[in-house]
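We call the chains A, B, C and D, going by the order they appear; numbering starts again at 1 in every chain.
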Amino acid sequence: MAGNSFGEFFRITTFGESHGIGIGVVIDGCPSGISLCEDDFVTEMTRRRPGPDFFSTARREDDRVEILSGVFEGRTTGAPITLFIRNRDARSQPYEILREVFRPGHADYTYYKRYGCFDFKGGGRASARETASRVAAGVVARKVFEPFAISVVAYTLELGGIRAVNIDPGVIHTNPFRCPDTRVAAQMEEVVLKAKKDGDSVGGIVEIRVTGCPAGLGEPVFDKLDADLAKAVMSVGAVKGVEIGAGFEAARLRGSQNNDPITPKGFVTNHAGGILGGISNGDDIVVRVAVKPIPSIEREQETVDRKRRSARLRLSGRFDVTAVPRIVPVLEAMVVLVLADHRLRFKGQRAEEMQEHSGTHDMRYGV
Amino acid sequence: MAGNSFGEFFRITTFGESHGIGIGVVIDGCPSGISLCEDDFVTEMTRRRPGPDFFSTARREDDRVEILSGVFEGRTTGAPITLFIRNRDARSQPYEILREVFRPGHADYTYYKRYGCFDFKGGGRASARETASRVAAGVVARKVFEPFAISVVAYTLELGGIRAVNIDPGVIHTNPFRCPDTRVAAQMEEVVLKAKKDGDSVGGIVEIRVTGCPAGLGEPVFDKLDADLAKAVMSVGAVKGVEIGAGFEAARLRGSQNNDPITPKGFVTNHAGGILGGISNGDDIVVRVAVKPIPSIEREQETVDRKRRSARLRLSGRFDVTAVPRIVPVLEAMVVLVLADHRLRFKGQRAEEMQEHSGTHDMRYGV
Amino acid sequence: MAGNSFGEFFRITTFGESHGIGIGVVIDGCPSGISLCEDDFVTEMTRRRPGPDFFSTARREDDRVEILSGVFEGRTTGAPITLFIRNRDARSQPYEILREVFRPGHADYTYYKRYGCFDFKGGGRASARETASRVAAGVVARKVFEPFAISVVAYTLELGGIRAVNIDPGVIHTNPFRCPDTRVAAQMEEVVLKAKKDGDSVGGIVEIRVTGCPAGLGEPVFDKLDADLAKAVMSVGAVKGVEIGAGFEAARLRGSQNNDPITPKGFVTNHAGGILGGISNGDDIVVRVAVKPIPSIEREQETVDRKRRSARLRLSGRFDVTAVPRIVPVLEAMVVLVLADHRLRFKGQRAEEMQEHSGTHDMRYGV
Amino acid sequence: MAGNSFGEFFRITTFGESHGIGIGVVIDGCPSGISLCEDDFVTEMTRRRPGPDFFSTARREDDRVEILSGVFEGRTTGAPITLFIRNRDARSQPYEILREVFRPGHADYTYYKRYGCFDFKGGGRASARETASRVAAGVVARKVFEPFAISVVAYTLELGGIRAVNIDPGVIHTNPFRCPDTRVAAQMEEVVLKAKKDGDSVGGIVEIRVTGCPAGLGEPVFDKLDADLAKAVMSVGAVKGVEIGAGFEAARLRGSQNNDPITPKGFVTNHAGGILGGISNGDDIVVRVAVKPIPSIEREQETVDRKRRSARLRLSGRFDVTAVPRIVPVLEAMVVLVLADHRLRFKGQRAEEMQEHSGTHDMRYGV
């Protein structure tokens, strides 16, 4: 109810603040019998963590995931899985000034209006740090898919106005921007360096592509697969837009252009982005997400304090120039979570499966 | 769970099919004491209904809303409110061919994969007719706001690639396209007539603007106001994209451009679209929605049948050239539903309100 | 949220008032492909309906169930199923006096405190008539089980202090009290006739027995099968207690007596009532429910009016002497609804099933 | 969905196993601005903890509650509150035998059927240790009430067949049985000592009494206050029955006896147990709960192993003779959680409150 849970059947609840003891997530509804250990999280957590690159924060986030519950002798038991990530480097001094003054573009003001108080140290729940919980949960959700060989890959399609042209998933990991186009990645570097020099920040667009998703996932009417995907990605801080398949471009096509012809071998085009009527059609699911520039910039800004008095704010410290590369694994995780949830929801609703099941699986005790 | 409900506290459940007995909605969680009668629905239902215009279907939808429950002596009682709209003109002949052949761009194929069956008469639940239930529910949701003087207005920002330039809410109702720019409306008419002549259809973009919304609505982390708005509008058939405030354009701005400065009189700009950190900031909430062209066109299309055999499909009948004007009140209703739900959710979470309340309102029986 | 829905996966939402247009239920989450027609409801609705017996109301409730949605060509489609039962004989005169005066033992006073208003005609939502919706939903829920041959049978174990001794399910339908002991049924008749003569009413105890339920249904920790059963039956008006298996008697046993020994052939005893740790163990599930005497009696009672002024109330009309026989099919339905919901929930949570499934069922489109 | 959450608006999710790292709970929906620190939990956690008495386990449970999130500068922020209790004394040797053999009366067998695996060390989620999370959450829930001066008190009404006669809340804490009748407490001691000598265990009945609860809490139809209370207490392991007010005795009363007359000063009697039509009536809420004897006994028992082979099991160790005194604070906590949830739910549903609110509270930013 209070908004810190997501998913119906594969349900996560995140908790924790940027500058508190740590952050974490409880996963309820994960099937039993899945192998899981703390090392499983290292790769994804490292992807989300700021690297040693010029464009990321100095803050060191070790982000080691502890499994507090739900795993017994190396396998999930069906009990809630709790993952916890301690905050190791939460220096509170730089933020003292923010006790009174609202940062433009941040949630300081709205949290204050909502709750009558505000955890000004690093933004509390509104901090990007919260997304580490989502990435950790995504690692577990991805395991629910393993039998299906579904691939979910995200990358930086556009950064600071520079857009990738040739999409090669193989090179995403070879540049710090997670750009699938090596040549364009070099141009992105220039844009970022320029913004950094100006004490400014840039935004961009992330594309997520799901390959191998079976047809039939999604629920009419409100829990359509695309509706849940839209909510999932829009719930990530800094996201301001989402589109599926042809997206906003579809608004400019005619029906005869936008309809994807169907042949015995599959769909000829994919303007639908893999979803029709809110249900996956077996083709690639394509989601694009607009990410705004980071609001923390090293320039003086006009704002007010808690008493609505005019104030000038100049933040100092080392800020990221862009959140886009770090948000890539977060958006991937959100898509994975939606798919895991709908996969489990799918199972309950076909009578024929139930009948098959009743014949082949003896749930009854006795002779 | 099965996806036909929306909202947590102000919760609607829609039901009914395009060519069945009728469609309807149960609203659970509406406060008691609100005046409500069947006439309250006439204006909005008429707005959603196809008019006598050249671009709409011949099908006559009277769309009279019956109140089946929840109102006693002219006021809501707190009990579930059931609204029912009978189908009056459900001719089934033209659809017989669709028993076997999937229509491109429609949900026929995905429903078949999801449920193992498909109500091919008019699309069943996937029909645009389902949205009448949402509009009816929106009428009730709007009443929850009345004490607040919140205004929610939607209009056709773009149609067939033609975009409104000067936004004048006063003229929305003066043209059949619900375009807020009279001059542009004339150009839209040309585009639509041309598409009609070609047996084709066009899409567009709807903008919804909320004025007067108090700051503080929305829940972190997953039930952010923008996340719920994104889900709400994306759950409407034909919607392929959504953006808040500057939206995809924000991805191309720098932080110094995108941040909205705050002054004692309010925000100087509104790139945020009225929402920061998932919570309303008191400024106008601005949502834009991409609507694809109607997939039913009078042109032969390539498809398959239930046995995946190649087929050619040529639909005949009188189809709408565009869904955009009719979707305007539907999207308005979805935004209203989200706001009503968050308004009620807000009330439960500030301790100070609780304390005030405990002093001023005697809930206890006795002397 | 507002409390008119029940179940997670097989979810029902009831609506309607005793003296309004009618009552009904929306079932969301029913699997597709199940045969369903209006005649399927006749038997159960007749069981709940007051018969021509001396102990039931004169009010004629035809209780014909209309299917408003969710069935296409004789089978469920996966869409929400709406069932509607019109009120045919809602005379409102006798209730006018209740506009001001609260009936003792009824919900008049508490609804007034809760909502600030009260549908005094027949009790509105608090009327026993609401249970007809539950019985109708139970008919659908029972169909979800058909592959499993689970039997759910309820009967009057005790009435007006007279308790059945020899339980013979075969005779339940042969007496108006739904007593499984013919000899005791005769004594019940005497008790009821005596109470009737006194213008009074009697309560009783209903026992529900589930045979053939597979082991493994139920969720720890809060959604235990017995916890959900307790809520289900306690949500029926007039119910004041519930026990599982040995129930309150277990509180007086020693562990060595209460533990049910397990053998290769099954459990030796069934003090557990078929549930251990909140999960079904394959043995018979046994639930007993205490039903209070009907509060509407033909005797003068002490009460107050809406202004808390002292009042004397003497209801006239023909009232039931007892609700117990009519509540029997209602409680049966509630148990069936819980089992259907947990059956569907079970399916999502065993990884092994998922893997089997991924191999045997091709959800993917393409070559 | 998977059953580890409870409550709608004040929602808790518990996690952790008896012999894992620890147990805990996430509370989502707690209002902001409430003072909370780790010392607040000491009293209640100590009450639940086994004391130095002869009838409790040797296991030392320090049960120190750590606040992992949701509190900033000593007050709740509206963010999820996470409470964690480390397991300090989890010796695993004695349980190795239970890897193969199911304990009668425990959840070993049913968990195995449900999940295909079983955390045999101390019962995993099925352990009584899980209830510590509930008690901790109850401490927070109780704070939500503070403005209302509601008192929730539980005690041992009956133990091993011995029932308290004179109820004096003042003496509950003066004897290890939490019996409100000092004279009867002495008899309870005898019964317990005798059972202990026999290597056996005893059950009992706990009564919970809520004083000062305002009228108007509870939701029709399914989320009745008594229905939610029934679920809440039945979800605690070892509970086999629940009754409200006169409970099972009401089934033997006539309507004229059971109806509580209403006078300008309040209800004359309280057979209703403070709840009418599922909504609190302002009188004391009275709940009685049947607790079965602890299934772990020092006597040889008949059972089977995972291959359904016959086995004899003789548990050794030091077991509690009864769970009743320790379950008292757990049941109190469950009742408190239900009341907190319904208190918050109440707030959203009266239009008049909304209107008052809109006038007195300026949520809008600007001039």
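By our rule, a residue touches a chain if its C-beta (ideal position, glycine included) is under 8 Å from a C-beta of that chain, and two chains touch if they have at least 3 such contacts.
These numbers were taken from a predicted model, which means no experiment stands behind them.
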item	value
Chain pair with more C-beta contacts, B-D versus A-D	A-D
Remotest chain, subunit C as reference, centres from CA atoms	A
Computed distance of Cα centres, subunit D from subunit B, in Å	44
Centroid spacing, where centroids are CA-atom means, of subunit C and subunit D in whole angstrom	26
Cα-centroid distance, subunit A relative to subunit D, in whole angstrom	37
Junction residues of subunit C, two or more chains touched	1-5, 8-9, 14, 29, 32-33, 78-79, 113-116, 125, 215-216, 220, 264, 281-282, 345, 349-350, 352, 363, 365
Touch list for subunit D against partner subunit A, complex	1-5, 7-9, 11, 13-17, 20-24, 26, 28-30, 32-33, 66, 68-70, 72, 75, 77-82, 84, 113-119, 121, 124-125, 363, 365
Sites on subunit B touched by subunit D in the complex	1, 9, 29, 31-34, 76, 78-79, 144, 147-148, 212, 214-216, 220, 265-266, 281-283, 343-345, 347-355, 357-359, 361, 363-367
Subunit A residues within the subunit B interface of the complex	1-6, 8-9, 14, 102, 104-107, 109-111, 113-116, 125-126, 130, 158, 160-161, 195, 198, 200-205, 215-224, 226-232, 234-235, 237, 240-248, 250-264, 268, 271-273, 275-282, 290-297, 299, 301-304, 308-310, 345-346, 349-350, 352
